[in-house]
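The following pair of complexes shares a single chain, chain A, combined with chain B in the former and chain C in the latter.
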Partner chain A sequence: MENRRTHILQAIPGTNKIPDRMFKWFTAAMAFSVGLLLFIVIWNLVRGSYPAIKEYGWRFLVTSSWDPVHEEFGALPFIYGTVVSSVLALIIAVPLSIGTSVFLTEFAPLRLRRPVISLVEMLAAVPSVIFGLWGIFVLIPFLRNYIYPWLESVLGFLPIFEGPIYGVGMLSAGIIVAIMILPIITSVSREILESVPDLQREAAYALGATRWEVIRIAVLSYAKRGLMGAAVLGLGRALGETMAVTMVIGNRPEIAASLFAPGYTLASVIANEFTEATTDIYLSVLFEIGLVLLGVTILTNIIARVFIYGMTSPSGSKST
Partner chain B sequence: MQTSPAYDRYRKLKSTFISGLCVLSAVLVVAPLGFVFFHLLSEGISSIDLNFLLNLPAPVGEKGGGMANAIVGTLILLGLASAVGIPFGVLGGVYLSEYGNAHFNRVIRFMADILNGVPSIVWGIVVYALIVVPMKGFSALSGGVVLGFMMIPLILRTTEEVLLLVPRDYREAALALGIPKWKTTVFIVMKTAFRGIVSSVLLAQARVAGETAPLLFTAFGNRYWAQSLDQPIAALPLQIFNYAISPYDEWHQQAWAGALVLILMILFINFGIRTIINIGSNK
Partner chain C sequence: MKQTLKPILIGTALIAAIAMGCKPSDSSQGPDTGRESGTILINGAGATFPYPLYSKWFNEYIKVDPSVRFNYQSIGSGGGQNQIIAQTVGFGASDAPMSDESLAKARGNLLHIPTVAGAVVVSYNLEKDIKLKLNGSTVADIFLGKIKKWNDQRIAELNPDVELPDEDILVVHRSDGSGTSYIFTSYLSGVSSDWKQKVGAGKSVRWPTGLGGKGNEGVAGQIKQSPGAIGYVELIYAMHNDLAFADIKNAAGNFISPSAESVTAAMSGADIPDDFRFSIINTAGENAYPISGATWLLVYENQPDPRKGRHIVQFLKWALTDGQDIAPDLDYAPLSTNLRQRVLEKIDQIKY
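For the complex of A and B:
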């Protein structure tokens, strides 16, 4: 509507419309560059991975031998490593993030909110490679010397906590990635909780509910979908995380039950082997892994949007 | 529902307990930041001196050496990235806020969000195929382009938001005076939102300054000064990565020092944003 009105105003006789049109179309082209960019990304990945897709087909995703010398490529260990490290990261990060956002929206003293939010934002600004560095030299020695032996002695009867402790491995990667996705999940779920109407809370308090009961009945159950969206958004980040994971996961293409064992992820195999890929088919396989990563991140993004959309848009389905 | 006093006490206790858990989780979320900064300072500060800031890397085993080329390289890459990212991002954002219709905007925003979620390593191999292969070699240019590509969707989204904050009356007043729409947009709307646009650009720069993965197969890294933009160039994050995974203790020390310099650069940019926003709000 506003656009139409401004057009009428602008149609005063004597105004030269040509520069106006040029400016409009120029900025339109700039905006559309985003579409072009998305096309460039998809096109280059598809083109690069076409030879590998033709050669190996679906087999590539479900076999687990990785032998570049004999040109045998199976991505299963990388898919396994990516999924396991990301799920571990979510298990650690989601409760902490939701706890923090409940603290921030429901009962933190006002003068504490801003500083805590700023600190969480600062955590988001720390580059991946610095988390990797810190992981190698600080976190891993600590986990290897104190936490892992303790975990093994207490929970060692479970297959996921047995076997030799290297320090680098699946669990270490999960912990580092958890730290890195804390900020995104925290800030999205904080926004979701802030959008819960106060009427909800007041109604629950009026019934004599305690603070926790208010949070559980009036806030969390109301915000459930949005919080799931926040977690999925975090999952998307975790799946694509590269540098820090590459530095702490151990980079061994094996599927082991133990979380102490080294693993490998889709992103880190590209990071490590791309410049070493000597044959065309090897390079093409790495492109295909990139394509898989892109597909998975687009999918998680869409799912997260579907969850969050109904929450924050006022016209969304509030009744569900 | 039970209403005995004992049950009420239990409910209150439970509520307090869970509130405590929420406080604890907030502490646990903030704690890693403290530890990372503590170790960056304690490990890095001793290795930062003029030698580190002004010299090239020393060969293995030799004392001294620095990261001057990597620091300058990161600044060059950021400059190139801005040259790519700013025009597309800012003007694209202008279109969304000043011209676009709801449907077109929704599609563009959706695509920008998808691009913001593309893993950085994937950007790396895309630009490898797009630029490094045709140019037959790793180059500073390709490194700048990949970071620039990553900046476009970031700047586009934030620019649109800050332009929408400019009151509609400003536009209407200007148009009522017979000023053409493009002049209104550039000299009234964009000028009013100038601080916001600058901080959205800075925010995007801070985001990409620490990126390592996209540079692995584009800028590639270089132990010497890059002579021209079609040669591989050193970058601080790349250098930190290479030193961190090396087996040499001196290099580990240098990695810590490099990481401290990198985080200070990023904080400096972020501090710039804060200052701009604060000045803007005090006005």
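For the complex of A and C:
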């Protein structure tokens, strides 16, 4: 491939190679600087958190006490809160997004497509803090007064829907984040569904499949891997979401079974406590929280990818 | 290998060369170096609590001395302390006095210059027009989760004229580290040994119960949304947002409503050491509001830059005189007269 390109360039008479080379170097330097940046970030995080790692060791990851006054620190409730709120967001956002994109690619008349697409994309342009404020003043009162009591009365026998309803809490955070990751999952899955060749659909129709069967067998199954990739993109965004989550999750470093109970995330505790952390060890602990967040993000991405690979490789569906 | 590395190396060198080429013109107008002839720029950073007042001061001060501009970043007290220790700013600002440990890290003698004070109020959401009276141990036990209902015996005893609802109390506290939390938890540690032992005082503590809201607006929002909620916010914030707040029993046994005057009264009753690292929590004095705290500017006694040093000193003198008259307009409490005098004498010791 590389060789062929060079040959083509050489074949064109009068091509000045020096600007081309400079451009190549220039882009190479840019690509290199991204890697360098990531390395600097990780190096700084490790260096900043070194005193905390030395002081607390592995205990930091498995204990639940967070007491800056007595300098006892454990990250477990934050790890739990980050993972649970993100998974909740995915559970809510993925069906909605895929449903939207199936509608847009398979059913919606052309004149409806554009407005719906721009509506969804407009969601992505709303700043995080606006979602947070809207959550506090609009969404949460609505959830607390109507949705949560109903959930409790219907599903209250489950431990995840037990206990007092404050409004703010893990479930509210999950819902807010779900709304925030909807646009990215929707637009990526729409593009994936659009890239499914019409031949697939026509073949299924030829076999006498109904519309639903065509979408299920020929479209969704074909695009499965790409759709899951879209969900992983959403997950990445959900894990790091900070401001809106901080405003609606309740900020209590506790692990509770109930989704109504308040929780806390890794990103939130950094946002909350970093500016006023005055002692060295406290600051270092917050650096380590950042390192843990990076680790959790990388780990969940790896798990998600392995999961996707395991689910899709034997069926022979290869898209994107 | 060689072929792939070469463009990268040369490209990096190219970028470095471009960056270096830009540098001289950049630094000549760098943010911290005012030119000899033009206006001088002094950078400061720190506490968020006095930020509205400080920006008003800096604006007003332009009329007094047009040759100096102040640039203040409200990055938080912790950041303010670190920046002044590292000497990246001309002055720092903090809502809590620096610890001996932090002071030891400073490059020279750092002075605490108190500027104004503020109150932290106990705010609640009950049926409208209920004015509560509370004392320290009751507030502590509410925030410890020991008093769970609004019609608890102990609240009722303090408020015989009020019909209290049979509602659960929902505690709301700050989730972000803040000077407000520091003042509030210091007060609770002072009035309740139980609190001191279990929780202690700090900008962030392990709250035994309740929900965390981010910032004054987060706490206020949560209180407004939840019937039966109780929390603490800055007086300025409660005033501007029409929140109900309680009168608190002070050391002299009087129930005092928080206001700029009652905070200044708290300062007059305080025993203030010469380094001005003082607390005005629960001070003696008939009309002193007990949950109050001051805020400080942090400056080096030996100013590294003579020209900036002179301007900083002139500004501090103005802030401690004319500046004090502006404070009440924004609901900050000015320093008491005798404290002002002592601080001005301290400012005279700054060398530049």
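Rule of thumb we're sticking to: the second predicted complex is superposed on the first by the 263 of 320 C-alpha atoms of A that agree within 3 Å, B and C clash if a C-alpha of one lies under 4 Å from a C-alpha of the other, contacts with A are read in each partner's own complex, and residues count from 1 in each chain.
Convention: contacts are C-beta pairs under 8 Å (C-beta built on N, C-alpha and C of every residue); 3 or more make two chains touch, one makes a residue touch a chain.
In this text, all values refer to a predicted model and were calculated from it rather than measured experimentally.
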Which superposed partner A:L119 touches (first chain B, second chain C, both, neither): first
First, second, both or neither for A:K24, with chain B first and chain C second: both
Partner chain(s) touched by A:T186 [first = chain B, second = chain C, both, neither]: first
Chain A residues touched - chain C or chain B, whichever exceeds: B
First, second, both or neither for A:E276, with chain B first and chain C second: second
Touched partner set for A:I136, first chain B, second chain C, both or neither: both
Partner chain in contact with A:L37 - chain B first, chain C second, else both or neither: first
Chain A residues contacted in one complex by chain B, in the other by chain C: 24, 26, 28, 30, 32-33, 136-137, 247, 271, 274-275
Chain A contact footprint on chain B (complex, rising order): 11-12, 14-15, 18-19, 21-26, 28-30, 32-33, 35-36, 39-40, 43, 87-88, 91-96, 98-101, 107-108, 110-115, 117-126, 128-130, 149, 152-153, 156, 168, 171-172, 175-176, 178, 180-182, 185-186, 206-207, 209-213, 216-217, 237, 240-241, 244-245, 252, 255-256, 259, 262-263, 266-267, 270
Chain C contact footprint on chain A (complex, rising order): 21, 24-26, 28-30, 32-33, 65-70, 136-137, 140-141, 144, 164, 166-168, 246-247, 250-253, 262, 264, 268, 271-279, 283
Contact set on chain A toward chain B in their complex: 2-3, 5-6, 9-10, 12, 14-17, 19-20, 22-24, 26-28, 30-35, 37-38, 40-41, 44-45, 47-48, 95-100, 102-104, 106-108, 116, 119-120, 122-123, 125-134, 136-138, 179, 182, 186, 210-213, 215, 236-237, 239-243, 247, 267, 270-271, 274-275, 286-287, 290, 293-294, 297-298, 300-301, 305
Residues of chain C defined as touching chain A within the complex: 7-8, 10-12, 14-15, 48, 75-79, 81, 96, 99, 101-102, 168, 170, 175-179, 199-207, 210-214, 218, 221-222, 225-226
